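The next block holds one structure in the form of structure tokens; read it before the comments.
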Amino acid sequence: MKFAIIEFPGSNCDHDAYHAVRHVLGQQADFIWHKDTDLRGADTVVLPGGFSYGDYLRTGAIASFSPVMDKVREFAAAGGPVIGICNGFQILLEAGLLDGALLRNRRLKFLCQDVHVRVEATDTPFTASAELGQVLKLPIAHREGNYHVVPERLADLEANRQVIFRYCDSAGLTSDSVNPNGSVGSIAGICNLRRNVVGLMPHPERACESLLGSDDGRVVFESAVAALVA
Amino acid sequence: MFVTLKPSVFDPQGQTILDALSSLGYESVRDVRQGKFFELDVVADSAQEAMTISTEIADKLLANTVIEGYRVEVDPKRGEGD
Amino acid sequence: MFVTLKPSVFDPQGQTILDALSSLGYESVRDVRQGKFFELDVVADSAQEAMTISTEIADKLLANTVIEGYRVEVDPKRGEGD
Amino acid sequence: MSINQAVIETHGLTSAEYRRLLDILGREPTITELGIFSVMWSEHCSYKSSRLHLRRLPTEGPRVVQGPGENAGAVDIGDGLIAVFKIESHNHPSFIEPYQGAATGIGGIIRDIFTMGARPIALLNSLRFGELGDSRTGATTRRVVDGVVDGIAGYGNSIGIPTVGGEVAFESSYSGNPLVNVFCLGVAHAERLAKGLASGEGNPVYYVGAKTGRDGIHGATMASAEFDEHSGDNRPAVQVGDPFMEKLLLEACLEVMQTDALVGIQDMGAAGLTCSTCEMGARGNSGIEIDVSLVPQREAGMTPYEIMLSESQERMLLVAKKGREAEVEQIFAKWDLHAVRIGRVTGDGVLRVREGGKVMAEIPNRELADGAPLYSRPIKRPEGLDDLRRLDLAKLSPPVNLTEAWLTLLAAPVIASKRWVYRQYDHMVRTNTVIRPGCGASVVRVKGTDSALALSVDGNGRYCYLDPREGGRLAVAEAARNVACAGALPIGATNCLNFGNPERPETMWQFSEAVDGIAEACRTLEIPITGGNVSLYNETDGQSIYPTPVLGVVGLIKDATRALAGVFPEEGLEIVLLGDPSGALDGSEYLKTAHGSVQGCPAPVDLDRERALQSLLVEAASNRLLRSAHDCAEGGFAVALAECCIEGEGGGASVELPSTVGPHDGFGLVRLLFGEAPTRVLVSVPATERPRLLEMADAVSLPALVVGKTGGERIRIAVDGDVVADVRLEEAGNSWVTGFTRHFESVPWEQ
């Protein structure tokens, strides 16, 4: 099982994702530089968090034009599992691989804290090993995490069960007061229609070891491994 | 080149400024929306061409048309000095 | 209301966008500077008054005059529709 | 331009300094040379007022790999690794433009660390502002706080180095001169330590990073002159940080350092190209010759003077090995950076600046770098200090309701939770943060080893104002104690000395006393100082800040899984108070919050006992005896107890203290609850481990008192059987958690 971790200039959770899959899960992992045009036989692609191109212009905007993104598109079109975390999610949206956009958090400030998210679907390569309704404690760290789609598209997303993670409290209940950034429908993560491309704002790679406060994030990567073996 | 959030999209920055203004006593301000603008220095043979290039750039890169609208203005005089 | 970095102040955002444009093949773009703009809906008796209020707001709140300059434009027609 | 008296004065050189310059050159300087001398000999770069004093700080120890003198210090942390760390001030720029001032401060300290070949893994910040509640300056303070925190977040988050801790305090003395001290720590392989030196005649000198603009020209001299109402004139000198560029530089430089193609490297910080060329040459006993026309420039028509003095951010100077140029250039190109050869190393010990064929400056390096005059400035103990140090409680009345006083204190901006601040900082990126900000020291693990490092920055300007020597000792003791509470052995320290105008003898007295205090404490606690920073002229319109030394202490935990949190982790634990139960109200937060008074003699620290306490904590933590440890600092015992409950998972607590004998002034209980004193730590232990803990304390004659148990929905303090303060955990939590935001948001926007 081999993960490709794409590095854009300004990515800064690339090493964290690498550490999680390589050292915590014991899987193979390769860094792929954004100018590369070869995913080197990877089974799963990870677009890590960070501030690609400084988040200048708009988060993820410039990175979505990187040469490697053509390969990621091909890989996704062939059904390969792709996950975008935080800035990686923003890049997937800018690249048109997922629907919607991320606005500035409703209270404007950057937020770094733990949140709870509820798993809304287990038929994706990144949630297959989780249980439906399972509550995960994961960190967030972003200023532009306020997910937005127009109401008609939101209805589509819901109807197609494309919402994969929702902000909730520790008991799994959603409410405005536990929605950290104002995302429509408390959406923390979504997938594409084909369900192989997933994007989320929380950082599962930061929650893979209990020493760091939570290992709830492991299930995301373990799912990817299991999905491939299956 | 002017890029603004579409009217249907909530603008938290504009709202915050509005709140600040009202707490400063500027009651006459009814609404604030924040946008970005870009000054591009484009070498082109005609204003027409500059417009085409700029519009393409705005559409492709500078605006995210999912949430933003844009408007392009060309100031051809600028170039003449060069 | 337009807020831009003063010309002598480094604009890393503009520089990065410029680099991105050139790697996308837009060689004809020579310079990019990014600024903010604000649309304020001001209730005022005259364009003059709106101008005064807006300028005051720009100076006090919207522009950081240490590194930014600003320009205010008033569009009186806007209000008529209300 | 001809060099007359006025020109010399605007360059901040005294006539004696100018004569020295003439001696060194043996002729009149060119204007470029004058500019170069003026920045190199500014207080900021030359430490001319402080250096004689700094020599008294202990800088050696078995773990010290790099002491003061390089871009940062370094200590051995085992496994073939070293911890590289330093603290820096960015006070003046942060007042002029809070966001960019703080942001570029972060950029600067990060460069200091990776310049040494270390991968930066943690940032801390120590902040001092005016009072939010001040009707005259509160609104400005709010804007400055907001901008500074935003700037630190903006830069640190973007570059991906976690800001894991810090401190924030408010005192009116900082209202016109806030303090922004930033600390960075990195980890390097011991054999890869890079140095800022130039050697090897003919080796190429490279410039890499952002282009040079007219930013911050005279920045270094600005940081060395006090503010007055004309400071606005300096404003265009504000620099804008570019964290994205710095991220590229960081990765590219670390990659270049993996090769052995590099001779030396230094960032262009204060005094930019001038300082880096001259210092690298001086350290390597060589000269450097550069051609300014080759320097990448952002603006047209820049003069050699401007290019040499520019403080544009995110630039590095490198000396590579001859013949390895292509290798170096390629690595930078991979990161979209263009390394430009601007000169070469020479053997003549001269800094030579050319513009094309023309020589614009030619100065012997060593004299320029190390030849600044050192001043033994006059020292005088301030008059009125004795009055200040006399605390007369008879004029004050004790609180009627101790519970209310407790809640008020918990909500005071200095004490209340700083969540509003650290939530804006990404404190988890790099997945090393074992103990997050919230309570006490922060802990980051060192990947690839079993170990972790605990970090704390501390200082209390109020104590130093009342007694600078004791204040210096207390700052060291507190920072080290915080680290020890996390179960870490303190192994090294850095310090940032923020003081007023050194030309005032009273300031120099404070400075000298504080240095002696720090030196004493570091000696007894065996913590070497490996570097630091001095920031003088912190005064506005003649009003000086409190003398504020800030200590950053690094501690080592051999087994990261034994790092101790500062809060009660579960119900049913026994709470033990190590150290004396009572504290003093002198200089305390209680006295200031309740009575607006800053007076008295802060409780002194017994350094031997402090050392015993810290050793005990480290040993008990490594034996897994303790479940938590929290020192009693500002706000005393009652505040520490509340914090342990609120931030923890152990519910409330019920404790009982014995009354202590003291003056019968009606403040006995207040001293017991809110009095401040060093060497006091509140720990929680499982009942089974209590006897061992008490034995250990007894063996070193450290008082240890079992005061109560964790659990329940209330926090209750009884004295001799009578409940004296009692509050619902939730209510106490509400005061503490929302206190900061409530104060902050109640300040009107600036008019």
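The letters A, B, C and D name the chains in turn, as written, and every chain counts its residues from 1.
Here is the rule we use: a contact is a pair of C-beta atoms (placed from the backbone, for glycine too) under 8 Å apart; a residue touches a chain by one contact, two chains touch by 3 or more.
Remember, predicted model here, so these are calculated numbers, not experimental data.
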{"item": "Winner on C-beta contact pairs when A-C is weighed against C-D", "value": "C-D"}
{"item": "Gap in Å, rounded to a whole number, between the CA centres of chain D and chain C", "value": "37"}
{"item": "Chain A and chain B, separation of their C-alpha mean positions in angstrom", "value": "30"}
{"item": "Distance between chain centroids, defined by C-alpha means - chain B, chain D (Å)", "value": "41"}
{"item": "Residues of chain C touching at least two other chains", "value": "12, 16-17, 20, 24, 34, 60-61"}
{"item": "Per-residue multi-chain contacts in chain D, two or more chains", "value": "242, 244-245, 336, 749, 751"}
{"item": "For chain A, residues that touch 2 or more chains besides their own", "value": "53-54, 56-57, 62, 65"}
{"item": "Chain contact topology (line, ring, star, complete or other)", "value": "complete"}
{"item": "Residues of chain C touching chain B in the complex", "value": "2, 4, 14, 17, 20-21, 24, 26, 28-44, 53, 57, 60-62"}
{"item": "Complex contact set, residues of chain A against chain D", "value": "9-10, 12-13, 15-16, 19-20, 33, 49-51, 53-56, 109-113, 139, 141, 143, 203, 205-206, 208-209, 211-213"}
{"item": "Interface residues, chain B side, partner chain D - complex", "value": "20, 23-24"}
{"item": "Contact footprint of chain C on chain A as seen in their complex", "value": "53-54, 56-57, 62, 65"}
{"item": "Chain B-facing residues of chain D, complex", "value": "748-749, 751"}
